[in-house]
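Some structures are shown below for you to check.
Both complexes shown next keep chain A, but they swap its partner, so chain B is in the first and chain C is in the second.
For the complex of A and B:
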């Protein structure tokens, strides 16, 4: 034991004297620190935005509610904020939140006409991608590890000390093992310490932090072992590094890009534009169609309102909201198809990441952080559920089954983030 | 340079090529590089041309459906709406830029400015988060790596095998040697760029300005020249092959992988852009002051009423020779659009300021410089998207106001007020479908060549700075090297 400690202590002091190793370690610490810092800033910004939106939204709705008195106008003029808060791991894995929306305002009109509106971030920045902890580990850390480990043996060989070292050391493992361990521990610390600080600040759960640590360390170990194994087989340091870099390019770029091409060619879906077009056409045509056509189509899916009689000959709110709903119904199949295609791509991409450790790591941690496409799909479903709850709350007033009283507005459904125990409305009536 | 030393430079260059052709590593790197650019050029060109075709035909369909609508109340057509599609630029076959990250279609309707919808990235696989198969990505990120792999030992090799002092003592100056190796590397650059040059030829055929294409291509040559110089510089400055390799790899990671993302993270952290949803609240507050254009009795329009009554010298709106409701709709749309445009312009300026912060990182990494230069010249940068938003808004405003004009001129006020009385009155409050012909053909046009060239100047300056720095450092280390 003391022998091992002595070995490790010696290698530690040896490492501290190597300027280029220190520079690499410092760089990995700085980059990881920067990534965690900007990640925390980004998440804080998102949370503040949501808080500001909540206030503004409530104020805006109160104003609308003060101005109108009938349920039809109230439903027409009140918007409702929906949002998806960043999780407490999101700082480390910003994920796809710059591509998919995480805030949205909807009202009682046809949902398919509203849900594709996106309040996206600066596209040019999204295209470059942001630096987050997951990116540092999955894409950058392998490069740092390659730089640190490829010449562990080869450098001694080229400086002529290799044979002397091997013959004087007690065992091969005592020498290369302790040197490898020291460097590995050093680089893992430099990369992970900023993450632990970030996890403390955003009070990430212990289990989550542990899981992330296991994934990251296993991933870093994979690259270390690969580098050492190749380093043992070949003599020239640049050649070892070239092959390792080629592996990195293959795993991080080439294989994922090829899988992406393949998946995009194999999965077809309705065009987003077609969904919108169908929905708009149906809603607009309804103005010219006999009222009964719309009401029959509406009653087919909402039998409880089948006996609603259309008031007068002019404009009627019940009829208006019925044809909004019929517009959604006309595009339901396409919309389902569109979402199913996205979900299928997500699943297929999961298989593809098995070929690419860097993307596998990203996917796993983005999933843990709830910042991936799946989280975005769930959020979209939350919006749909909320919109439905809203309709169910207004329909009895609009179709004359319940007498409307303005004080009842407080009982309208409130959107709650599903990550914060949002109870899904299963109110089919 | 005399013809004598020029001949020597060529000999060195030829010799370097001979060395590469004998080395397995260099050959495989070259072949892989060529294959990558070639496949990227083909795949991206096919994809973007398909997209271009699809969007152009969607635009035609949208125009046709609008014109085909039956007789209606003109305001119904204002809400029926129209679509604008952004057809990608010719050079997007080389650099698709933000195309997949911004929506490419906008629904245009009265009283609202919608955002662009259906960004392709949202139906994507997230597998391309580290890099995409565009020629731009290959040239910006992977080509420098290829140059490093081929030439990291170009000078250090001579030193390590002690042929350097031999060559110099025989009368070949170290700079002739470095220039010769540089010429050999430039041939590699030319080779890698061949598929891209062919692809940009197609862009010219499709109507892209020749000057832009030339500046686009020369930007890439300059960028790869920067990298060739950096490779030669490091190879000259250090004493061992392995050191040269490690140092170059490190520089590459910093410039090509770390910096672009640090740039965009810094930009979004330093300039906060509130986003459409949040500014919409301010818009709504401002719009409430304007009055509802659907309601001709809204007190906000009393001024309009008095001035119209005076103009036509009548007592009541019923006596007006024009439809007062249409006049209200037109006036309110104009006021509202002014407010909407002010806010839209404001948020575009915020986005531009953010982008500018990230572009300034071009002084810290040549990759960031070429990235913005490439997107700006190709017309796939954020500015092009903004232009699309503005053009779409012009289209929206013009079709809505044309419909309002039809409402004013062709629909009788009494019929209009009576429209909800019964089905027959509803039929009467319509205008002929011939009026829908006024919809303009929309074809998204890129900004002029000179505007794009002008905008790309700072990035050119950044690249020239990199060339100057690398060049003078080579001079410095070259002198010390012997």
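For the complex of A and C:
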């Protein structure tokens, strides 16, 4: 043990005298630190936005409740904030939160259009992506590892020291083993320390931090072993570096892009815009259709309100909300297909990660951080559940089965964010 | 299989070494006794460095065996490397470290602990000027770097020295000092195998010279009692190579 520590101590001191190694380590620390900092800032901004919206949402709803007295107007003018709060690991893996929306203000109107409205809004912004910690580890850290390890042996060969070093060392493990371990520990520390600081700031749980550490260290070890193995096999440092960089480009960029193209090519479904259009066209067409057409379609799914009678020639809230409901019903199949296709793409992407360690790491950590597509699907489902609960609360008032009393508004359902470990109830009313 | 032999400090028996299917050493046999200075003399491409690399275990012989301190090289590499001090032709130590730091680093690799005084004595013994001891090696001349590497070899206190063109880069005075040092080491019982193309230098210091040509040992020359090997004789044999 003492012998091993002595070897490691020597190589640690030796490493601290190598300027290019120190520069690489500093770069890796700064890049990781920057990613963690921007991740924390982004998460803080999302949390602030949610808090700000919660206050505004409660205020707006109170104003609407003060202004209107009938359930139809109240349902129409009251917005309800839904949101998916970032988890306390989201700072490290922002995941799909820049692709899928994490906040919606919904009304009692047809829902599918409200959910997919944002599909056509943020697509271009999502293209740029974000440099988060998991991106640094999965995509950039291999480059630091390659630069640190590809010539560990080759540089000694090219400078003529190799034979003297090997013939002097007590054993080859004392030399290459301790040199490799020291560099690995150094680069892992430089990359992970910013993450640990971020985890402390955002109160990430110990187990989660441990799991992220295990995944990251295993991933970095994969690139280190690959670099050392190739460095041992080949003599020329530029050749080793070229092969490793080719592997890096292939695994971190080419394979993910190809698999993405292949998955999108093989799995087809309606787009969010199509769902939005179908639902809106159904709602708009309903104005010109006979009332009975809408009411029959509504009663087919809500037989308890089948005996609701349309109130005269003019506008009627019951009819209005019935055709909103029918609009959602018209787009249900498309919406189900869309979600099934998204789930299938997610499953297929899981198979693709078996070919690409960088993708695998991203997927695992995004899952831990609850920022992946699954989390987005869960949030969408939460909105649907909430919207359904809201409809079920209003429908008895709207379709005349229950007398409306404004005091009953306090018993309206509240949105509950169930997309991560902190289940918070929005209850500002 | 018995891999132990105890007769000689270094022994090569019918050694054949091929590198990338090209025969480099052919049927090479020689022995170096305890306390003997053996010079393996040859021109460029004769196989001198390959011989040293094979003795250090870097090349695998296609046939034949090599023994160091009685042990077959490939059966006990760590043992062999503890018993030998190797001085490469171009002693490229770490340029960003001082002579002191270089020597300390390499000694630590070998798990050898030496005091500051012992390091100072080694530097003095190889005539490395004191003002340079703590300077980075990138400020050194080739000869000073060579002296640093020689100091390192001395500090290893190994019983066997393998020297690859050891006087390369040294000035005449330093060569004389080096030869004196080698003779002192031999008289204290160390066995020394040096490979060189310097006929004069080899004759000055060696007890025995083996002439290597195209990977084969084509002649051996012994120093007479209390005398030196005849330079002209060796030079004539060496020059034959040019004529071939």
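Convention: the second predicted complex is superposed on the first by the 407 of 429 C-alpha atoms of A that agree within 3 Å, B and C clash if a C-alpha of one lies under 4 Å from a C-alpha of the other, contacts with A are read in each partner's own complex, and residues count from 1 in each chain.
Throughout what follows, a residue touches a chain if its C-beta (ideal position, glycine included) is under 8 Å from a C-beta of that chain, and two chains touch if they have at least 3 such contacts.
Just so you know, these numbers come straight off a predicted model, no measurement behind them.
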In the superposed arrangement, which partner chain does A:17 touch: chain B (first), chain C (second), both, or neither? second
With the two structures laid over each other on chain A, which partner does A:238 touch: chain B (first), chain C (second), both, or neither? first
Once the structures are superposed on A, label A:3 by its partner contacts, choosing first (chain B), second (chain C), both or neither. second
Taking the superposition on A as described, I'd like to know which of chain B and chain C A:163 touches: first, second, both or neither. second
Contact breadth on chain A, by residue count: chain C or chain B: B
For A:227 in the superposed arrangement: first (chain B), second (chain C), both or neither? neither
Taking the superposition on A as described, I'd like to know which of chain B and chain C A:284 touches: first, second, both or neither. first
Quick one: classify A:341 as touching chain B (first), chain C (second), both or neither. first
If you lay the two complexes on top of each other, which residues of chain A touch chain B in one and chain C in the other? none
Chain A contact footprint on chain C (complex, rising order): 53, 56, 58, 78, 81-82, 84, 86, 88, 90-94, 96-97, 101, 105-106, 108-111, 149, 152, 156
Residues of chain A defined as touching chain B within the complex: 20, 24, 27, 31, 34-35, 38, 41-42, 45, 49, 52-53, 56-57, 60, 63, 96, 99-100, 103-105, 116-131, 135, 138-140, 143-144, 146-147, 151, 154-155, 158, 236-239, 241-242, 245, 249, 252-253, 256-257, 259-261, 263-264, 269, 271-273, 276-277, 280-281, 284, 287-288, 313-315, 338, 341-342, 345-346, 348-349, 352-353, 356, 358-359, 362-363, 372-373, 376
Can you list the chain A residues touching chain C in their complex? 3, 6-7, 10, 14, 17-19, 159-161, 163-171, 174-175
Chain A touches which residues of chain B in the complex? 25, 29, 43, 58, 65, 70, 72, 76, 79-81, 83, 97-98, 100-103, 105, 107, 114-115, 117-119, 121-133, 142, 145, 149, 152-153, 240-242, 245-246, 249-250, 253-254, 257-258, 260-269, 272-278, 280-281, 284, 288, 351, 354-355, 358, 371, 375, 381-382, 385, 420-423
